[in-house]
Amino acid sequence: MDNLGNIGTTEEQIELMDVATNFCRDKSPVEKVRALIDDDLGYDPEIWREVGELGWLAIAIPEAHGGVGLSMAEVVPIAEQMGRNLMSTPFGMTTLAAQALLAGGTEAQQAAWLPKISEGMAATLALREDHGDWDLAHVDCAGTHSGDSIALAGKKQLVLWADSAELIIASVMIDDRLRFALIERSALPEGALRREEIIDETARSYELNLDGVSVPDSALLDADRGREIIEKVELAAGLIHAAEMTGGAQAVIDYTLEYLKTRKQFDKIIGSYQALKHPTVNNYVEYEKARTHLYSAAFSWGEQGRGEVAVRMAAAQAHDSYSQAADRSIQFHGGFGFTHDCDAQLHRRKAIMSGALIGDAPYQRSKLAGLLFD
Amino acid sequence: MADKPDAAELKEYSEAADAWFKENTVRDPGFMLPLTFMEVSTDEQFDFLREWQRKVYEAGYLGASWPKEYGGGGLHTDFQRAATRAMKKYDAPIMLNAIGNGWAGPLILDLGSEEQKQTYIKGMLNAEDIWCQGFSEPEHGSDLGNAQLKAVKEGDEYVLNGSKIWTSLGDRAKYMILLARTDFEAENKYKGLSFFLNPMKIDGISTSRIKKLTGEYGFVQTFFTDARISADCLFGGEGNGWSMAMKTLEYERGAKVKPVGGYFVKELDVMQIVELAKNSMRNGKPLLDDPVMRDKMTQYMIDIQALNLNNTRRRMPQLMQDKPMGLPLMNKLARTELIRELTEFSLGFQGTKAGYYVGDENAVDDGYWHRSYLNSFSATIGGGTSEIQRNIVAEHALGLPKTR
Amino acid sequence: MDNLGNIGTTEEQIELMDVATNFCRDKSPVEKVRALIDDDLGYDPEIWREVGELGWLAIAIPEAHGGVGLSMAEVVPIAEQMGRNLMSTPFGMTTLAAQALLAGGTEAQQAAWLPKISEGMAATLALREDHGDWDLAHVDCAGTHSGDSIALAGKKQLVLWADSAELIIASVMIDDRLRFALIERSALPEGALRREEIIDETARSYELNLDGVSVPDSALLDADRGREIIEKVELAAGLIHAAEMTGGAQAVIDYTLEYLKTRKQFDKIIGSYQALKHPTVNNYVEYEKARTHLYSAAFSWGEQGRGEVAVRMAAAQAHDSYSQAADRSIQFHGGFGFTHDCDAQLHRRKAIMSGALIGDAPYQRSKLAGLLFD
Amino acid sequence: MADKPDAAELKEYSEAADAWFKENTVRDPGFMLPLTFMEVSTDEQFDFLREWQRKVYEAGYLGASWPKEYGGGGLHTDFQRAATRAMKKYDAPIMLNAIGNGWAGPLILDLGSEEQKQTYIKGMLNAEDIWCQGFSEPEHGSDLGNAQLKAVKEGDEYVLNGSKIWTSLGDRAKYMILLARTDFEAENKYKGLSFFLNPMKIDGISTSRIKKLTGEYGFVQTFFTDARISADCLFGGEGNGWSMAMKTLEYERGAKVKPVGGYFVKELDVMQIVELAKNSMRNGKPLLDDPVMRDKMTQYMIDIQALNLNNTRRRMPQLMQDKPMGLPLMNKLARTELIRELTEFSLGFQGTKAGYYVGDENAVDDGYWHRSYLNSFSATIGGGTSEIQRNIVAEHALGLPKTR
């Protein structure tokens, strides 16, 4: 089993961890998170501007395109701290869009978009459809040639932050091949985006109706790299969500501990009851395993074979441990846990959302099994 | 009270009930119907269910075996059982007035004065008078015996100060069964408590709605500020509040007073989830063809079938000799935890669509599963958390020593 | 899902439950169980004689063959109490051999053997082979015609109580069909039976070498009822083992409770610690579910479709709950739990043995899934 | 003590160690080799392992970084690490004298007198002097601080009365590190305890073997009846027994004294169980093709990989800032529970053959998996039960209040 990776860190990663820890904690107190739930945009544009200024969107973009020239490994501590502080922005989706451009964009496409992203422009991916499959190659939306352009048709679902994104990269079938179309949001017809009700109230998601949308031939990513793009995007998404969920698991465990250390029932601090204490230890153990896998996945990013195993392990462990820790947090908060005011539900909902986006733990394990045993 | 029923009469009644519910049951009024009385959130839900209960009562299918002189049907319990069966058969909406009919009613029938029976019973049956329950307080969720809401006797009144929480229908209720402290010097915390049939629509009582983790509203916090109630509201005598409260819990578990009938909480229909799994496709194949899902689903079927059969086994003394309190005491724990697990499990069927929630047209079954999962905590927390239930089973069924 | 059964009892069942409860408790104290571990035979012949006299081997045999004329439903409470008291005898295997004869024996075969079994003769089945499959139709042992008799070849494994059984019914392939041969133990060549080391020290098991063994044509069960025999034997075995395991689960939980109520650590009765108390409640809940399924399986015995579902549910639940209760019993007994003197290990080993014989809980569930969902 | 090692020297030593273990390691001596020092049952196992340890020591691959003047190699720890790596690489048998080399040795090197170092160290390294540990008592398995074995000073001797239990190698040992009560009036239970380097082969000390749940023998109960030992055996001063005992536990977790090297417990090799699953056939197909098994096996791979990586992460301060005690304290809990689960899981691979046990020719891998599962409880119980471990993590890593 030589596709099991190791663990390690880079200096830049640890520096970014320090900066992100402070930034996300300071800029995203929970009162602000809750205020943004009722906000249309769903995030603070000022903070988004700062994220751009900090260069965080440029981390995994080569210097030639105005980026920092590091890798996804250095994106991990930022996504982790964002998840920990429930700081929702188009950061993850924009990073993924850049990865798609890097994997399959022509020189011209990369030159057109990557510098803008590096400077703070939001972008997103439109990959999901009504069939509900996690397999990114299962695409029913289609494009047909019409002169020098392609007429698109069908609906994409769960297009996160689409109203903020200037660029939307959508998967479509053209001539029986999986292709990716670069769509400028400004060119979308009126009503092409419908805001969706999603389980994670801190995020924003849209259904994208492609009927009536056309793109020029030159706005398609490389026809020969469809498989590469999918693989890159799937792994990068797994890594980013694993990071967010791991940070979230840490937060919800700390939130639970805080309650267990202060709440009294039957004249005793409830954290002294083993009925609450021992399951919390078990959840903590699972969280630490998730974090270990997360930094192993960051370290193994880009290593052929090992990268995918490490990312899927991180994603599976993060999804299970975040879900379980948040579920127990609701329960252990008693009556208060059942209210919207208790933060445990924010985390529980976010864990469901992440699983929906990248594939839940059983899905990750089914993929892993093939990599490990066959 | 009625004799053993005449078989022909019972049959006729059963058939009539069947026909009635077949004809009158509305399953889709155009908005989501609450699965439990704790989930009533909007006015339209409340109005619909109140009207529904009145209709069922007036047709003779609720309280059919309660005494005729107070508004009941005066029939043998087998009649009410037949009516309830018919409700279940046609998946009828829940009965709304759970605390009135399930808790306060039996208590009043059992121990109340003639006047109290005349005053309260009929109004709770026809849902004219909605009842709520005031046991829990913000600082004492699990430790009910530690309730601190103060009831001070002044002349022929009690003056109430304090707060109650997690009160389902608290903002709609006319009455509350209230656990309050009348004696702060009592030799132990339990003996200081008294029990009241408390009017809600009076000065000094206000409620504030609590938003649930589902995003809906379903219960309130109630504030008492120098609220004055008649001393006649005291029930069971000063200092007997704890034993009155415990009695209501016994009625809930089904005790000597004949059950009012119907149901206040819809059971999860296992076939629904099997259908979901069968109809969910993953990579072109039904999810239920996935062996890992099948294995888990099978285990849930084993669990559900056991709990359903337990309800029958509980009534078979020949299979209940060893640890006779085991099955009755474990029921709430096992059932509520199973529903939580099962509804959580159902999210995994939905692939990317697990991202949707109630209100989105792309949501599977209108978000029913997500809402059911989040709501499932009301049952694993409310009415004694699962952790408390495990203590109860350990101490009262298995004879293990107390933890505290 | 109309193949889900109900629960109920018969008067005879409850009477037998009372008798068996007293008999097994009185005749099988644990000191005796332990003394028999070192005994060659593995059981007390005097008790075996009494079991015969009580008519317990005759319960599910028709009156025409000297039996009581009841069904497997009434065997259940006896097997349950035997399991509860770790009373090991050839009772279960003899009952199964009778079921095989009932399912596929000719009139003459039934007339020859069933009255003897009813009177207390031990018999057994030889079904298992080196491939380890639970599927009873997977048989490599073979028989070939040789004049009026059949020459058998191959090895059968895990033939329980073979040295006590006067009749051994072995599955073999003859002319590409699955057949069952009635072998009289007295006719076996020297050395055909080798005592096996098995995980359950309270039982006795043998490997049966069929090489050199011949039976007359008349000693084969009905050629057309091979499938019926297998189904009957598999379900009856599932029911008997479910009963034994359920009784065992009850016993090991009671044994644990006894310790939790008396042992002190840190000046407190250890049963007051939720770390031990709550898992014990969970195990108890699972045990009661097993017992409910057991009496549902007994009640549904013989109902087409429902019988198999109910038996497999009972077997799955019994195996899981017995295994888990015994595993936790070892743990909760602390240092003593790790010794051979602690009874928890007797139960843990027995649960492994039962799973090996009839198929463990995952196997039962895989069979159930087909019955429930397809 | 040695300086940072010369790279060339270290390389040469490593290669020599590799070659040595390649040549000298016997993996199948014709009988089952114990996986841990707690499982040594027969004379042939004991003799083989004692001889093996002597051989490894004499070749310079055990205690290589312990001080030369007491029998060690006097080298930098990197040398010993290289030797241990070589042992692992060739799957060499365990080191036998665990309590001596892992517990008593570091304590004596850390706090002992010159004379004690001269007396004890070399004999424990070459396995001439086997050591055992006497902390647990029959009535105080988890509550070590409550030890009651009595040590009464009479002149220049202590008189010992009482009993110790779960003593691995107790019947073979020359010395025992012993926790005994010298003061029954002390202000708390801990302060009454003292620590002794106790000779075993003297009048008044007898042992009785305890049969394990596996059917094997591996530890004993030791009885002390007016056993007299020299007052020189006292270690660390009267009343300091608890702190000495706690120190030995710290050495076990790897602290300031340089580790002696080697291993006393073999780790479960995950590839072994993957192989088992691949080679087990069910209905003509490898078991690892069964999706339910695959799913569980994959989860175990995730767990194992996490615990293995944790060992590296523990040494990376940049990933250990939040709850720094978490990883070190959870390690025993997580690892021992995982091994229990995994070995139990392996039984399900074996189909009907799960019925066989050690000693039968039909048993899968000679019954290794059954024995490993049953033996796994030695680790989930011994050295502080998993339940105690959860308390430790909760209280010392997460800051939750004590339970008692």
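The chains carry the letters A, B, C and D, assigned in the order they are written, with residues numbered from 1 in each.
Quick note on the criterion: a contact is a pair of C-beta atoms (placed from the backbone, for glycine too) under 8 Å apart; a residue touches a chain by one contact, two chains touch by 3 or more.
Only a predicted model underlies this, so the values are computations on that prediction, with no experimental measurement involved.
Judged by contacting C-beta pairs, the busier of the interfaces B-C and A-C is B-C.
Seen from the C-alpha centroid of chain A, the farthest chain centroid is that of C. Between chain B and chain C, the centres computed from C-alpha atoms are 44 Å apart. Averaged C-alpha coordinates give centres for chain B and chain D that are 55 Å from one another. Once the centre of each chain is set as its mean CA position, chain A and chain C turn out to be 53 Å apart.
Centre-to-centre separation of chain A and chain B, using mean CA positions: 40 Å. Shown for chain C are the residues that touch two or more other chains, namely 273-275, 278, 362, 366. Multi-chain contact residues of chain B, defined as those touching 2 or more other chains: 291-292, 295, 387, 390-391, 403. In terms of which chains touch, the assembly is arranged so that all chains touch all other chains.
The touching residues of chain C, counted against chain D in their complex, run 128, 130-135, 138, 157-158, 196-201, 205, 207, 264-266, 268, 273, 275-276, 323, 327, 330-331, 334-342, 344-345, 348, 352-353, 355-357, 360, 362, 366. Across the interface of their complex, chain D is touched by residues 290-292, 295 of chain B.
Within the complex formed with chain D, the residues of chain A that make contact are 1, 4, 6-9, 14, 17, 250, 257, 260-261, 269, 271-274, 277-278, 280-282, 284-285, 288-293, 295-296, 313, 316-317, 362, 365-366, 368-369, 372-373. Interface of chain B with chain A (complex): residues 136, 139-143, 146, 165-166, 210-215, 280-283, 292-293, 344, 347-348, 350-360, 362-363, 367, 370, 374, 377-378, 380-382, 385-387, 390-391, 403-404. Note for the complex: chain D touches chain A at residues 270-271, 274, 278, 288, 291, 294-295, 297-299, 301-303, 305-307, 309-310, 312-313, 316, 318-319, 322-323, 326-327, 330, 333-334, 387, 390-391, 393-394, 397-403.
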